[in-house]
Each structure stands twice: as structure tokens, then as C-alpha cells.
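Read through the structures below before going on.
After this come two complexes, each holding chain A, first together with chain B and then together with chain C.
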Partner chain A sequence: MAAHRCGFLPPLFILCALSVLTVTWTQETIPLGSHRAAAADSKPTDTKSVAQTTEQLAVEQRQWEATEVEEATSAAAAVSKQDNSSPEDVVQTSTPKPKDEFQEELVVRPLHSGDIYASFQFRTLWQTDFTRERKVSHYGLFPKSLGQVISKFSVRELHISFTQGYWRTMQWGQPFLSSPPGAELWVWFQDTVTDVDGTWKELANVLSGIFCASLNFIDSTNTVQPTASFKPLGIGNVTDHRFLRYATLPREIVCTENLTPWKKLLPCGTKAGLAVLLKSEKLFHSSFYSQAVHIRPVCQDWQCKTASWELRQTLNVVFDLHNSGQGKREWSLFKMFSRTLTEACPLASTSKIYIDVTDNPEGEQFELSPATALLSQAVVLGDRRTFSVYDLTQQITFGTVRSLNVLMRWKSSEGDMLRPLLHAERYVAGYGLQTGEIHTLMYNNHPYRSFPVLLLDSVPWYLRMYIHTLTVTSKGKDNKPSYIHYQPSKDRVRPHLLEMLVQLPPNSVTEVTVEFERALLKWTEYTPDPNHGFYVGSSVISSLVPSLVALDTNSTWQRPLFSTFFPCKEESSYFVRVYTEPLLVNLPTPDFSMPYNVICLTCTVVAVGYGSLYNLLTRTFQIEEPSPGLAKRP
Partner chain B sequence: MTLFTLLFLLSSCLLVYCINIEDNVGQFFSSGHTNNWAVLVCTSRFWFNYRHVANTLSVYRSVKRLGIPDSHIVLMLADDMACNHRNPKPATVFSHKNMELNVYGDDVEVDYRGYEVTVENFLRVLTGRLPPSTPRSKRLLSDDRSNILIYLTGHGGNGFLKFQDSEEISNVELADAFEQMWQKRRYNELLFIIDTCQGASMYERFYSPNLMALASSQVGEDSLSHQPDVGIGVHLMDRYTFYLLEFLEDIHPASKTCMNDLFKVCPKSQCVSTPGHRTDLFLRDPGSVLVTDFFGSVRKVEITMDSINLTSVVSHRKEEPAANGELQKEVYSYSDQLPVSEIIHQ
Partner chain C sequence: MATTEVERRRGQLAALSIAAVVIIVGVPLWWRTTETYRAWLPVSQIKEFATLQLLLSVDVEVVFSRGTVSPEQQKKVPMTQTQDEEHRVDENTALKYRYEIRYRTATIMEEDALKQPTASDADLSLHALSENPCGSLVVYVIPESSSLLSEDVDVYIGQKRTAILRLGAQMRVGRTLEQLLAHLEPRIKKILHMMSFSHTDITAALSDRVRLAPGNRENIVDSMRAFKSSPGYEITFSLLNPDPKSHRLHWDIESAVETYVQPLLTKLAPIANFSIDSQTLYYAMLGVNPRFDISRSSYTLNAESLAHVINPVEARLGSNAASSNPVLNFLLYVPDALHSPLHILDRKKQAVHSNAFHSPRWGGIMVYNVNDVYGPEAVLPVDININMAKVMGVFLAQLRLLLGVQSSSPPPGFVVASCSSTGLADWELDRLMWSRSVENVATATTTITSLAQLLDQIGNIVINDNIAEQVSSAVTSLQLAVAELEAGNLGFALQYSKEAILASERAFFDPSLLHLLYFPDDQKFAIYIPLFLPMCVPILLSLIKIASDARQKRREKQAKKD
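Here is the complex of A and B:
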């Protein structure tokens, strides 16, 4: 409207100005708002707003107070300091609020080699039913992207992990949750799914978009259907292995682009709570980095009559002492993450830091500051460990400086590390580019107990395994597995799947050997960098390891998160999963510059040879009289 | 008298203001786009091609800073430099020596990475012919009112661009892909920037309307890299993109810089090669095209005074009491993780 008024506006203004002049002679105020109103008549005049400001402010204040009072009652009920398992119906609004709960914790464990292991766990519990026909539409703390994935693909359990580096069991002990290098995805589908393979492929594609990873390379050539490993970790009665799929991509890189969407799934994001420590420049400058997402249905309370969905996001990282560039052994939150903590996530019901001080009962090994009176004991990985606890929901934890930087200074470094009871290695033996041997070594370091171990091997089709050469030996003698399942590979369709249940004798090394032959791929099947080699995924070793202390088989409530991941059914042993290294094998690789050279050479030879032959056969020589010159002889 | 001078000043201000309004309104209706997309591709693999990844990431950074959200950017990086084991500072990609500017940042979303960056995937993204289960972040969901920025970098030659050391895309294929996009009305205007050796050969064969193209070097010339970093050990950026980044750092979402200034980026004295551009297929005059028409995502807002009544669309669902009835039926339990006897008798 202002556009076509512009032409005759200046004279109009002059008239206005004259009127203004007359007004100013009578009053003192200069109404600047007059010409503004002519130009843009959508804005209300300032004078009116100024007059009403004080009134409005009072009204607004009153409104703000009213909402505060409402919020206070709901907040007091929801965020209580006791360990309530299910939050109550808190807000009397007209829409039903989803009942969800968020907990976060960080466990810091100093390792014997001087490195330090930090494990973050973020858990969102939500009592809802994704399998109902009417779609869930109100999301609270549970991320919507994952909720839609669960309901659309009828997922019962989903476990996905991205790892960079290899976990050194002999130097670092056992991790809380192990994961193989690269990407690993395993899913249990609901029994209502009719086409499991098609759903699996679509699910891998969707997850590749969510996590910015190339999971779309998961297809039938690297997917297996284990028959005994990977039992569901959540509740439920269905264990038909037709609904289970497992795939691993050992070549997958993990970098900030995978961490970014992972952080966005957290309720508080990276703004508050423990997630402010997750800075990629520090996390990827480490010896081991692993991030994972685990979704499964769990018991809502100790009675276990209703199920609620649990989303666990875990992040494990091991920082190297020498990489950080300091001589003396000293670790702090600031040194590890280049950040300190200032507040807990307001949406979290519990937010704690656990520092493992089992090797430091009197403070003789290292000194922990700021001092904390809270101590907690938990049985994790079959051992009773003592932890110093910092509760971030208490304001007193942050002290007068309003920030928490946990500092550990070492005085002496004595003591031996407890040897891990189960440990595995894997390597390729042989020479040349035609045949080879895969050796898998499993160590049982328990002095007198033997325990069963389930080995899962998934080998790509281009390594043709000869199962008749499979040998399992312990202490030099043959050790016959009590269960073997082998599914042969099909070229370009299916990989090999080998599952064996082996009893490991005490204090021994069990060696599994199998020979293979390398296949020649079609020239289009090579990657752009074929001389790097081809990866074979890690073996998975699932086992029930004897525990040093009795485990609690009752409800998992009121226990720290890191000790409640694997459900425990018996007191004397705990379940553990160990991954071996991935293998890198060279396949016979053609020289890709050769086709051009061959074409040139062949064409030259053909041209020269055929041309000469043709000339020889068809060219005739004729003697010609030299023609007399134009000048005639007289 | 002072009042008169004051009024005179006010009237002159108003005149200027009027003229400005006319100008703004004119520009409001000149560019016909409503949304912006960007497709940024780095086609080189291996550590010594660090500079190509840094090129792409610096354009990504500028484009994000000027307003295009991640959901509208398709970023394709053929190799991972940030978390490469040869990188002395992991999770960083620097564009200036002495590690001044980390273009990788903390909030990056790479849509196609590693082996996924192929000629086929690139052409499928452009033409929209993707398998049905492709996630949204990997699709170019542009419409006929979208302005698209396409940036390619890598190793190239006369008429081709090399993808990952194993395949090539030719200028004819690229021109045909753009024609497909035009026929399917997948763009309103398209800006194509290429930073490779002999880059001008890639836009020679375009024939669809509303295309503007920039290249870092003419046919027969090589694009050169800018500066190596002794700490990292490789060249960090190419010259053309380095000066392009410098130019873009001065642009903010409301700036009025036009395309003619973009054509002057990196003259022969700085670039050693001669950058070229092509505007004959473009319908508007490049002097009136803003840089933010392609690099930014300026939202045009229309203020209205009408009030709209929002009726509550969502019907309130109560929790079903039948769910409580099922409580007494079954008790759930966790499965045994390693049921040895079960497995043996399987």
C-alpha cells in the first residue's frame, strides 16, 4: 500500500507538518508517530502503548505468577528425590501426558595403564505401547524420530553401535558394554512382520538417514540370522530366531557427523546436564570411542506386569595418557572434555557421576577432589566395586564456584590389574593371495572353573571357507563343540554363518582354525581403493562367565544404570559379550590401469601385423616406364 | 526556526524512505523463489586430497551461516578427512594454515559419505529418481520455486570430472541431468560452481534455461591449490574456493551484494588460472541477482492483520481402561541370554 502512495506523499506531509506546527504552538509534545502512521498504518501508535504499558505489565505479572504456582505443584510431584520408578499423573491438563522419565549418569574408571575410561549412559523410560493401531502422537522426552521408526517397522528391539578403535581387554579390563569396530546393527522384529528381509532393508536405510552413516550398505551379503546368539535383551516371550537380523559394517567410519544426530536425540540436547561434556574435538582424539543406541521393552516395576520402552544411549571413550601431552598422571573433567559441569539436565530425574575408587579405599593411590561424602557400591561385571558419587541434582555439588570439575591426582601407581576372565583374539595366517587360515583364540583365565562360550562368525562370501578343515583344540587336545550351526555362503547373496557352543576348560587357550580360499571378484565389485584390502567382521563371543561375588537377581531398580544392562538370571555368573578384531584380507586385485594399456598395445600389434600381412598378400609391384618428358625429342 | 529545519530534515528523510520502499518492493517481487537448496559434492578420495574436502566444507559452512538449514543441504564427501588416522587434530578440517578456521565444526551432517559418493548417486539425487526407502536427508526435495546451488570440486579434465579415482561424469551427462530437472520443474534457478582443473569445460554443454555457472579455470588451465600446512602435511584449500570463502565471509543474510561481484572473485593475479562464468542461459540480469538468492535462505514474511480462529483439531484421547484389565493376565520376564541346554537340544 505504501508503494503507490509514495508519489503524492511529500505534499501530504507538508500539510501534516503545517498542522503539526500549529499543534506545537499549543502543546509541548512532538507527535513523531504521525508520519510514521501514514507510511505504515499497521503499527499501533506508541503513545497509546506507553499509556497502557504499566497496566499490561501488571496484568502479565499476575498471569506469570499464576502459571508459576501451577508449575510448582507439578514440578514438586514429578522431580522428587526418591527413586520413584513411575512418575505420577502430574498435570491436570486436558491432553493426556505421556509418562516418561529420563536419567543420566557418567562413570569414570581409571585404568591400570594410566588411561581413563569414561562411560556415559542416558536412559529414557516411557510407558506407552507402540504396537497399538492408533499411532502415538504426543512425544515428550522420547525422541520422535526413533518412536516413529519403532512403530512403522514393528521393531521389538533395536541395537545400533558405532565404534572407532579396538578395545584392548588385556590392558583395560572389560568394558561395561562392548561393541565391535565399525557399525553394528541387530534388530528383533515383532512377530506380526511378514517380510522380515524387506523390513530390515528399509530399516537400515532409514537409520542411515537418522545417524548420517552409510548403513544402506547393509544388504543380504552381510546380514545373518543367528540361531543361538543375540537373544533378546528385553522382556517378551517370543524367541523365534526368524525375526532376528544381525549385520556389521567393519569399514564404517565414526566422526562428528554421527555424534551430532546422536546428541540431538537427548531431551536436553547439549545445553544442560552431562551432555555438555560431549565435544567432538576431544572425544575423537582418543584411543577408543563408541556410541550406541539401545531400544528395548523393559519391566516397568518389580511386578513386571506392564512393559515400558527403554531408550539407552551409551557413549564409551578411553582417553590416552600420553596423547594428552602431560607427563604426570592426573585426570580431570576439564582435561578429558575441555568443559566443566554447571548444572544437571532439568528434565532428568537423576543425574550422577560415579568415580571408581575400588583400588583406592584409603586414598593412597590417587586423591579425588572435590571431596564427596556419597559412596555407592555396585556389583558390575561380576565384581563388587566402590564408587564415589556426585549428585548433580543437588546444588551443593557445584560448590561456591557453581561449576564441578572432578580432579584425580595420582600419588603412586602400584597394584596389579585383575586379569579379565575371558579374552579373545583373531588373526589371518598363511601366505599368498590364494589361500589362508583364520585363527580365533579364546582365553579362559579362571584358575578352576570352565564355562560355555558361544562363538558367532560371519565371513563374507568372497572368502570361501572349507568347513571340513575346521578344528577346535584346547590345551593341545580336540575339543568337540556341543552345538554347531553352519550356513554356507552363496556367491553374492549370503555370507557364511558359523555358530558354535564350546566349553572352555579352566586356565586354557582354545584355538579355532578354519582354512579358506580367496575368490576373484568381478571388476565392477572392487571398491575405489581395492589395495586397502577387504574387511571381515569381528567374531562375537557370548558367554556366561563365573562371577566373583553373588549377583542380585531381583529387580533392577535403584541400581546405577551401568549395572543393569544385561538381565541376570542366576547368581553365580554374569553374561558378557566379547568382540575380536576385524580382519583385513587382501584379495587378488587386478591392476586397474592395465585395460587402457592392453587396448593400446593390442590395437598397435593388430594394426602393424595385419597391415603388413595384407600388404604382403595384396600389393603387387608393376614396372612402369618412366614417362617421356613433355619436351619432345626432335 | 529550529523547528522548520527539523521538519525539513524529516521531509527529506521520508522522501529517501519512500524511494527505498519502492526499491525493496521491486526486489521483493523480482526473484521468484521461495526456498533454497544446496548440493555440495567433494569427489576425491585419499588423504592428499584433503583440500577438496576442505573446499566443500567451507562452502557448507557459508551456506549454513547464511541460513540454509541442514534439511535443505545435501552434502556428499567422498572420504573422511576429519577422523582420518593421519589427521593430527582429529574431528577438525582446517581451511587456513596455522589452523585458524575449523570448517568441520561441531554441528555437521554429511548425507552421502565414503563409497556412496558415486556418479549414479549424484545423478539420482539431482533428478530425484531414488529408491523408495531413501531417507529424506538424502533427497533433493526441490520444487519449481527452489533456487539450487550446486558446488562440485575434485579432479577434472576437459569435459569430465573424476569421482573417487574410479569413474567419471562428463559434461554431456551433467547437462542432460539439468535438462531433466528443468523438464520436471525441479528448480527455479540454478547456480553451478565448479572448482577443478579445466572447470569451464563442464558448463559448456548446458542448454536448459535459468542456469548460471562459475568455474575456477578455463579449458587448458589447471586450478591450483592455495597453501600447504606444515603441521598437517597437505595443501589445505584450493585458491578459487579460498578467495570465494573470503568473499562469502563478508556476506550476511541481509546483504545486497549481487552476482557481478561474485564473478570478480579471484582474478588471475590471485588465482593464476582464469575463472570463468556463463550467464547466457539465465533470464534475469546478473547485476540484479543477489548472492543470498543462492547462498542464503532468506525467508520472506508477509504481515497480516486478519485474525484466524484455530479450532482444536486434536481430539483428546483418554487412556483406555482396557489396558488396566490386561495387567492381571501375564507376567513378563527377561529371556535367558545363554540357555545352554536349550541350545544343545536345538
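Here is the complex of A and C:
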């Protein structure tokens, strides 16, 4: 590098000697001001108007000035010439090993219900260490905004997801990465953080700014510290749950304004690569939409000597093409996303499209065009699947038309789906507005193996759970959980947290019921639409499900991204997280004109009582002389 | 009819006692229970800040070297001399500058130092002798015959807080001490304006408080360019690569920042905290399409279109999620292969030499052409190393401008020493500290007075203890800052003014002071009316009746007497 070779002082000397002359053009402009400054100064009153008015004179108008760097002395100029002749803009012959890496992929899987499941994964790996003393401040592919968040709040692992719609496990099977409806955020902090709750609150506020979401509604009343359900997914062995926070906002509505900041985090934006397909008008016209960001430290290589940070951005969407296709069952990239692909992101080291063709080994069910010779097998969610692969980094993929529009046309619609081994549902039972019962059903569809599941339930404080009524039954018999962690709620402070480890017998339904009482809220605590009901977040069921085929525990690079998210420790089972539906519970709702009515009524009662008392006290009483003949009048 | 009279008296007494109970017990009870908590604020002290009288005092030491004063004059030289200069900025703000000039003759060691062959050597050995406190100045007066300065140079301004002044030719013979001092005074003033502050700087710093006259637009442009005073700044360097398919850019920003920017920021540490970061943005396009200029065989950007360049890029720059300090953006734009080379034209249609421009209070952009580095046969993408020395030269110059390190051209006859490795002379830092202290004081006073005004206007706003505490601490810090400015302790003045601005902003932006949180008074009374009306009407009526009865009785008595 030029700077290094020239040493320390000479370039500095030139820089200082360069006196700076600015050419200002002010003849025709009124006093300039930048709207930035005016916006920053807009304090809530108009009393501070002196400064503001001068700045507002020319809001939105910026003055641009050329920066003229002028050599002051001939000596400096000479030195600078000499400096300029030193190697500048060198075209490198050997590329240094990049410290960061970007991968992108899209998996398309036809579902048995006739829907199409498309799952995008973008992965940025960065060989750096946010935990060390000196601040990390020079960003390449990794987005700066998230990096600053990680280093400021000492985050070890961050998982955030926004989901619109509910994943129908029984019809669609297991998703690659599940997420509950609404927003979900869980964060592991470094063990150096002292005030975890304060940091968590601040972090939620910052993230709500980054993702344009109402994450600022996360407070102590919906935050829990699960003891067993959410283990760190990255490297590191701290599992002290004091540094874990988990919160869901089931009410959150996900839309374009959440997608745009998410797309901004991608190095290529939406200009090139797979992200070109992410058009919001198509994505939100779907049965299910989920976007997520996962940040965690991972191993650099299989020896795991050095750590690097992984940012995984995933986007899952289910299109209902069966109904909209007028009976014809076919889909293409253009039909789904109203775009075709023309290039890979030039920054990506891999860029691939996987089409799941497991159910179509001989091509009797559907036909895929353009045909690809590349086939790949991967073990996903305990099942060996076959995929047709389109490698976007190869120019040949795009053919002569220079654009790729994968098309799938069905010939028959037979075939049945393997039932998912684990799935769960939940509902509220009972009548009236005083008590109720939460039922959670967990299905083990494995024909002969039982396996344990971890159930996590976080219920808001205004449903007062009676934990003595907790019953767990499977196949009509009592099924005693081997581990129960229950943290009672405190009104307006924290929610109920119930975690238990339940063994699910083979081919059975396990039912967990607990009764609750509905609390009466203060009138300011109701939402603007109280008769809509109050949401209770999904239960989380985490489990190691026995796998049908042997899993590959050795984590190498070559596997597709969608199969590598959860660390896999043993060959015989795989990790699955299942979310139930969120609940919508009606609470007793008062009449909201009540306070004023109460005031008026009490005032009237007081006034009437007081008035008669006053009358009684101040009236002059006179004894009326009875007139004698009056009574005897006929 | 004695019984009716007794009854009547009883009724009257009952009405009176009820009225008394309502007035003595009811009203105070209602008053106390509906009162809002308002902590005590130092209102009178805040009111004093409405009229701001700032006194800035500078210590100047004038050292006569051998040959400038005769021994008998030496004894007559006054020890100190104080000069005051008063300016009225507007009806509420007045400025007063006090120059405390101390005269002495040079010590032997200083004489030795002044015998060095060149001015810069003399300067170096002079400040090896003594260390001057922040904000003070030393002027060495040397005889006209001295060879230290070249012929046409009268004043040499050193790297630290020293200046060397040569006596003029007319002072060679037959001068009295008064003449000498009178000759020196305007020149010392000039040095002071150069090295510590000038009236225009200070009035520009007061812009938060004082509406500037529309006449001096030149000054406004200068003062608006620099960022407002803030306790911290975020500096972001962004490399914009709109064409990652053809260019793979490498910039060694880490070591460049370490080498070029960090020394300057370390020097500026007393002014504010700085944090630096950098990022690379791909596919970041400018907002205008550059036009191809055949005569130059390059693409050009006009000065008029520069204002539109930045908007699409800015959406991707991102603000710092972790702090709310102002951000200084420095963008390095490498044009895509199809639009290279790209040149910026100024208003006179001349290519700007540095190919860079800056926007006031926002940052700077530099266009960096790479098309001549590789030939047409090169395999895309081309790996390109960016010459950071060239880039950082431009960015540093812009940074100095945006931070308000004034580089006003020296008056004729002045020579300014080239600065050391830190990139900033001590006196330049002092200059910045003067204007920043005044600016902070001005901003904090306006914030605190407008806060007091707001709290005064909205009668039922709750003033919590922590707000009162912030306000009091802001007021104390302000008073201290003003006092330190008067005493000439620049370092402390800046420190206190920073504390004042922080405390006042924290009080001003406290969420509990949002006036929408509070009911207006008329709505509150609407709620009370159902209670108050039926209670008060009978009381009032009976009081009126009692009064009219009493009046009638008196009239009857009078009639009886007559």
C-alpha cells in the first residue's frame, strides 16, 4: 500500500499543508440551511423559534460546494507528486482471501395441498470478533446497522422473525425454519452485560427502528426467560438463562414496511441476484409469509479454532397457485414473483436454486423446464430429499435468452404426503367471561417410537392461570412431566412462564390443559379495539424427533443452507421447533364512557343528597295553625 | 312570632356555617387533591439568562526581546494593561472582550531561543521553554533588524500558542514608550483575532440565540457549513461501488483512519467524542445521470445537479442505531465502468481539481475514477486497490471544514507555521474551543429559557424532581461556564458549557414534559361542573338572601330611629 511505503510523516505533512479553499456560490440563494439540522432541532414547542426560523428559511435546500484542494507551497506539491507516483490503484494479480463471504439460495418445494413453498436464505459470514475490546467499525458485506447493534448491546445471538399467517403443519409438512405468527425476538447476551433487562428494552427499541416494527411494545409484561427451550444455536457454552430474553408480539402485522429494511441488509440489495424476486406486491399476496434475521457466532471451519459471525436472512412464503391458476396446475418464477432471474449477485460465492423433485423421480408427476442435469441430495428434517439445482453463478444456466424462468407443469395430482411426526394445536375452551381453559394438543405420529418434547408457554398476566389444574394426559392416562418450571405472573409486571418436558408415547395425542381466570383490566390498559380480544402468544414445542434416515453430523460447507441451520449432534434424531396457533381471548370489557358516567352519577347523587340536607337545615319551619272548620267540610 | 324568628336565625346560621365549611375545608381540600406536583425551579436565575452578557477574556503576554526597548524604558513598561471592547449583538445579548496584556522582557533562555536561524526553529525551542495554558497567547516582539523573519514578513504564528512580531520600520529611532505601545496595540489585536477569536466568529457562534442580520450572508454561509456543537460526532466513511460486476474495490480504511484521521481527532478530543466507522455499499447509484461531454471525453456532473445526487444514496447509508449524535458522511464514489471517467464541474464549467464536493452539515463526496487503471482487455471483475492517501487528503480537508476548524486566510504580512503531525495547531484548537464554548452557552441558555417558558405557560404540567435537578445542574454549569469564560479558563469553560448543554437537553426532551399528556383546564372543569353547580347555587342563593335580609333589617332599624 502506498501509505505504508511512504512512511508516516510525509503524507501527513502534505495533508496539513494543503490549505483548503472553498468556492461558495451564494449569489442567488437565500440563507441556506440543511433540513437535517432543522429536523434535529424541532423541539416540541415553538418557543425556540429564533434558531429554527433562520434554518427553516431554506428547508430542503442544500448548498453544495466544491472542495478545492490547493497546493500551498511548491515543496508540498513536489512531495505530493512524488507521492502520487507511488503505486496507486493497483490492479491486483492475486486476490487476498476475503474476510467475509455471502451466499444466497432459493428452495422451491411443491406442497401436497397444491401450494408452492418458496424459501430464500441469504447468509453473510464475517470473520471478526465483536466481543473483543476494540470496537469493530469497518464493515464490508455485513450490514453496519446490525453490526453496531451487536457491539453496542453485547449481543451473542439474535433471532428475530416477522410472520404473517399461520403455518399449517398438517397440510404443508414441516417448514425449514418455523416461526410463530406475529413478531418473535429472542436474544442471548454476552455474560459481560450487567443490566440485562435495561439492555433488552433498549435493544428492542433500536430493532423496532431498524425493522419498522412495533417491537417497542416489548416490555417486562411479555418477556420471559426460558430455562430450557431456547438454547444458543451458535458456538459458545454459556447456557445461563439469565442472559436470555424471549418475547413474542402475536398481534404484529407484517407488511411492506418490514420487508424494505430487511432487503436493505442484503449486500446486493434488490439490484441483483435472488433478491430481485422479492417484490412486495406478490409476496404479500400469499397464504403465508415469514421473514427472519438470525445472527450468531459460528465456527470458521470444522476444527472450530476461530469464530466468525453469521447473519442469516431467511424469507419463507407459501403461494396458493392452485386456486388462482383456473384449474391448471403450473407455476413459474415469473408467475410467482412477476420477475425472472438474469444474474447472480456478483458478491455471492454461491447462488443456487433448489427445486424439490423427491416426489417426481421419473418425471411422471410434473415436468420441469428448463431441464437441469444437476441433482443434489440432502437430508432435511429427517428425510432424504432430492433437488434439481440451478447454479446461477454459471452463465450456462441462463441459456440463450439470458434469463431464467423455472417452470413446473403438473401432469397428475396424485401422491400423498408423509404425515409430519410432530405437530401441535391449541385452543381455548369454556364459556362466559370469567374462567376458561387452555388446551394444548401435541401429536406424535411416529408409529413405534416415543420421544420427549419441551413445551414452553408464556401467558400474559391478565389470564390468571391456576397451575393446580394442570393436567397432562396421553391415551387417556395421566402422563407426568419429568420436568416442570413454572414462574407465576405478577400483575402488570411479568407473564406466566410454564415449561415442561413431556414424553410423547408413539402414535398418540397428548393433551395439556390448564384453567385460568380472566382479570379485569384498568380502563387505560385496554387496547383501542378491546372487543377484538387479546392475543396470547403461541406455545413453543422444541423436540429432537427421531429421524427416518441417518443424519450427517459432520458440518461441512457443501451442504445447502436450508439444511444447516440447527446444529446436529447425533445421527438418529433431528431438532424441530413447532409453534401452535396464537390464542385470541375475550376479556370482560367495560363500557368506555363509564368514567364520565360515573363522575356524573356520583356528582348527581351527592348533589341530590346534599341539596335535601341543605334544604332541611336552612329552611324555616312554621307551625301551621289548623283552621277549625276545614276538616268538617263535606 | 318569636318562634319563627328563631327558626329564621337558625336557618341563616346553618347556611352560613355550611358556606364556611365549604370555603374553609372543601375548597382547600379540592385544591390540594387536584394539585399537580411541580418541583422548584431556579426561575429567577433562568430569567437572568434571558439577557446574556458574555465576557471573554484572553491573557496575552507580550515579551520584549533585547533591542526593542531601551533599559530606561524597560523600567517604565507597565506591568499589565487591560483593554475592553464592547459589542451589542441585539437587545438581549451583549459581548465584551477583555484583553489582559502583560508586558515583560525576555529571559536569557528566550533570547537564546530567538537567536535561532529560522522562525520555525525559534518557535520550537520557545515552546520547549514553557507551556502556556489553554486560551492564552504569548507574543514575542523582536527588533526590526532581526533576521529571524524574512523581509516581507511581519508576524510569524507558531504551532503552539506563540507568535513572533517584528517592530515596524518607523519605530527604529526616536520613539517614546507610549508611541511604541500605541504602535504595538493594533498589531497585537490582529494577532489575537487570528489566533483566538474574532468578533465575526463569536457572533456566528451565537446564531442559535440571535437572528443574524440578512446583510452578512457571507458569514452565514461560513457558519452554516460547520456542524453544530454537539458532545459527540459519528464519522462514517462509505465506499460506494455501483458496479461490483466490473470493479472489485479494496480500500485499506482501517490503517488510513489510523494514520490520517485519528491524530486529528485525538487532538480534538476536548471538543467532542468521535467515533469512526466505515462500510461498503454495492449498487449504490447517484441520483442524477451524468452527461457525456465530448470536449472532455468524460462524463460530467454539473454544480446545479449536485444537490440531487445524494438522495437515493442516503436512504442506504443508514443512521447509527446505537447513538443519536450527528453523523458526518464521507462517501467515496467509484463510477461504474460505463460512466467513467466522471468529473465534477463547478459553476464556471471548470473541472474541480479534487473531484470532490461537500454539503454543509452533512458530509462530503469524492468521485474516484478507476477507468485508466485497467485496459479494455482486462478480465472483469478487476481488483483495484484504492490510493488512500489521495482520498484521505480530500476527506481530511472536508472534515476540517465541517468541524468548523476555520482556515481563514492570514492577513498580509502574516506567516502561519505548517502544522505538526497532528494536523491541527494549538491555537486553531483554541479558536475552535472559544467559538464552541460560546455556542454551547448560547444554545443552553435558549433551551433552558424556552423550557422555563413552556413550564410557565402550561400550568398543570408535572415537574418531576429529576427534571428540576437537571435544570438546576444546567443553570449551575451555565453560570460556571460564563464565569470561567470571564476568568479566561477556556478548558473549564468548554467543559462546563458541555455539561450545561447536556443537562438542558435532557430536561427539555424528558418524555414526561410532553404537554399533550395533560388535560387542558377547561375540560377538567367540565367534569367538575355536575358537582360544583348544584352545590354552589343554593349556598350562593342563601348567602344573597341573608345579605339582602340584613340590609333590609338595617333599613328598617334606620326607619325606626327616624
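One rule holds in what follows: the second predicted complex is superposed on the first by the 490 of 634 C-alpha atoms of A that agree within 3 Å, B and C clash if a C-alpha of one lies under 4 Å from a C-alpha of the other, contacts with A are read in each partner's own complex, and residues count from 1 in each chain.
Definition applied: contacts are C-beta pairs under 8 Å (C-beta built on N, C-alpha and C of every residue); 3 or more make two chains touch, one makes a residue touch a chain.
Computed from a predicted structure; not experimentally measured.
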Message = If we overlay the two complexes on their shared chain A, which of chain B and chain C does A:Thr604 touch? Say first, second, both or neither.
response = second
Ask   = Once the shared chain is lined up, is A:Tyr614 touching chain B (first), chain C (second), both, or neither of them?
value = second
Key: First, second, both or neither for A:Gln622, with chain B first and chain C second   = second
Message = So in the superposed three-chain picture, is A:Gly209 touching just chain B, just chain C, both, or none of them (first/second/both/neither)?
response = both
Message = Applying the document's definition of touch, where does A:Gly140 land relative to chain B and chain C: first, second, both, or neither?
response = second
Task = Answer with first, second, both or neither: which of chain B and chain C does A:Leu470 touch in the superposed model?
result = neither
Task = Look at the residues of chain A and decide whether chain B or chain C touches more of them.
result = C
Inquiry  = Based on the A-chain superposition described above, do chain B and chain C contact any of the same residues on chain A, and if so which?
reply    = 2-3, 6, 9, 13-14, 17, 20, 24, 95-96, 137, 206, 209-210
Remark   = chain B residues touching chain A in their complex are 3, 7, 10-11, 14-15, 17-19, 21-22, 25, 45-46, 80, 82-83, 89-92, 104-116, 131, 133-138, 164-166, 303, 305, 314, 316-319, 323, 327-328, 330-340, 343-344, 346
Query = Which chain A residues qualify as touching chain C in the complex?
reply = 1-4, 6, 8-9, 11-20, 22-26, 31-34, 36-37, 40, 43-45, 47-48, 50-51, 53-54, 61-70, 73, 83-84, 88-92, 95-96, 135, 137-141, 143-145, 148-149, 151-153, 206, 209-210, 264, 267-269, 271-272, 343, 346-347, 596, 599-600, 603-604, 606-608, 610-611, 614-615, 617-623
Inquiry  = If we count contacts the way the header does, which residues on chain C are in touch with chain A in the complex?
reply    = 3-4, 7-8, 10-12, 14-15, 18, 207-212, 214, 217-218, 220-221, 224-225, 228, 236, 244-245, 248, 250, 252-256, 259-260, 263, 275-280, 282-283, 303, 306-307, 316, 318-322, 326, 344, 346-347, 352-354, 356-362, 364, 366, 370, 373-374, 378, 381-390, 392-394, 396-398, 400-401, 407, 409, 418-421, 423, 446-447, 450, 453-454, 508-509, 513-515, 527, 530-531, 533-535, 538-539, 542
Ask   = Within the complex, which stretch of chain A touches chain B?
value = 2-3, 6, 9-10, 13-14, 17, 20-21, 24, 35, 39, 42, 94-96, 129, 134, 137, 164, 201-202, 205-206, 208-210, 212-214, 216-217, 227-228, 231-237, 239, 251, 253-257, 260-261, 279-281, 283-285, 297, 299, 303-307, 452, 454, 482-483, 485, 501, 527-529, 542-544, 566-567, 569, 575, 592
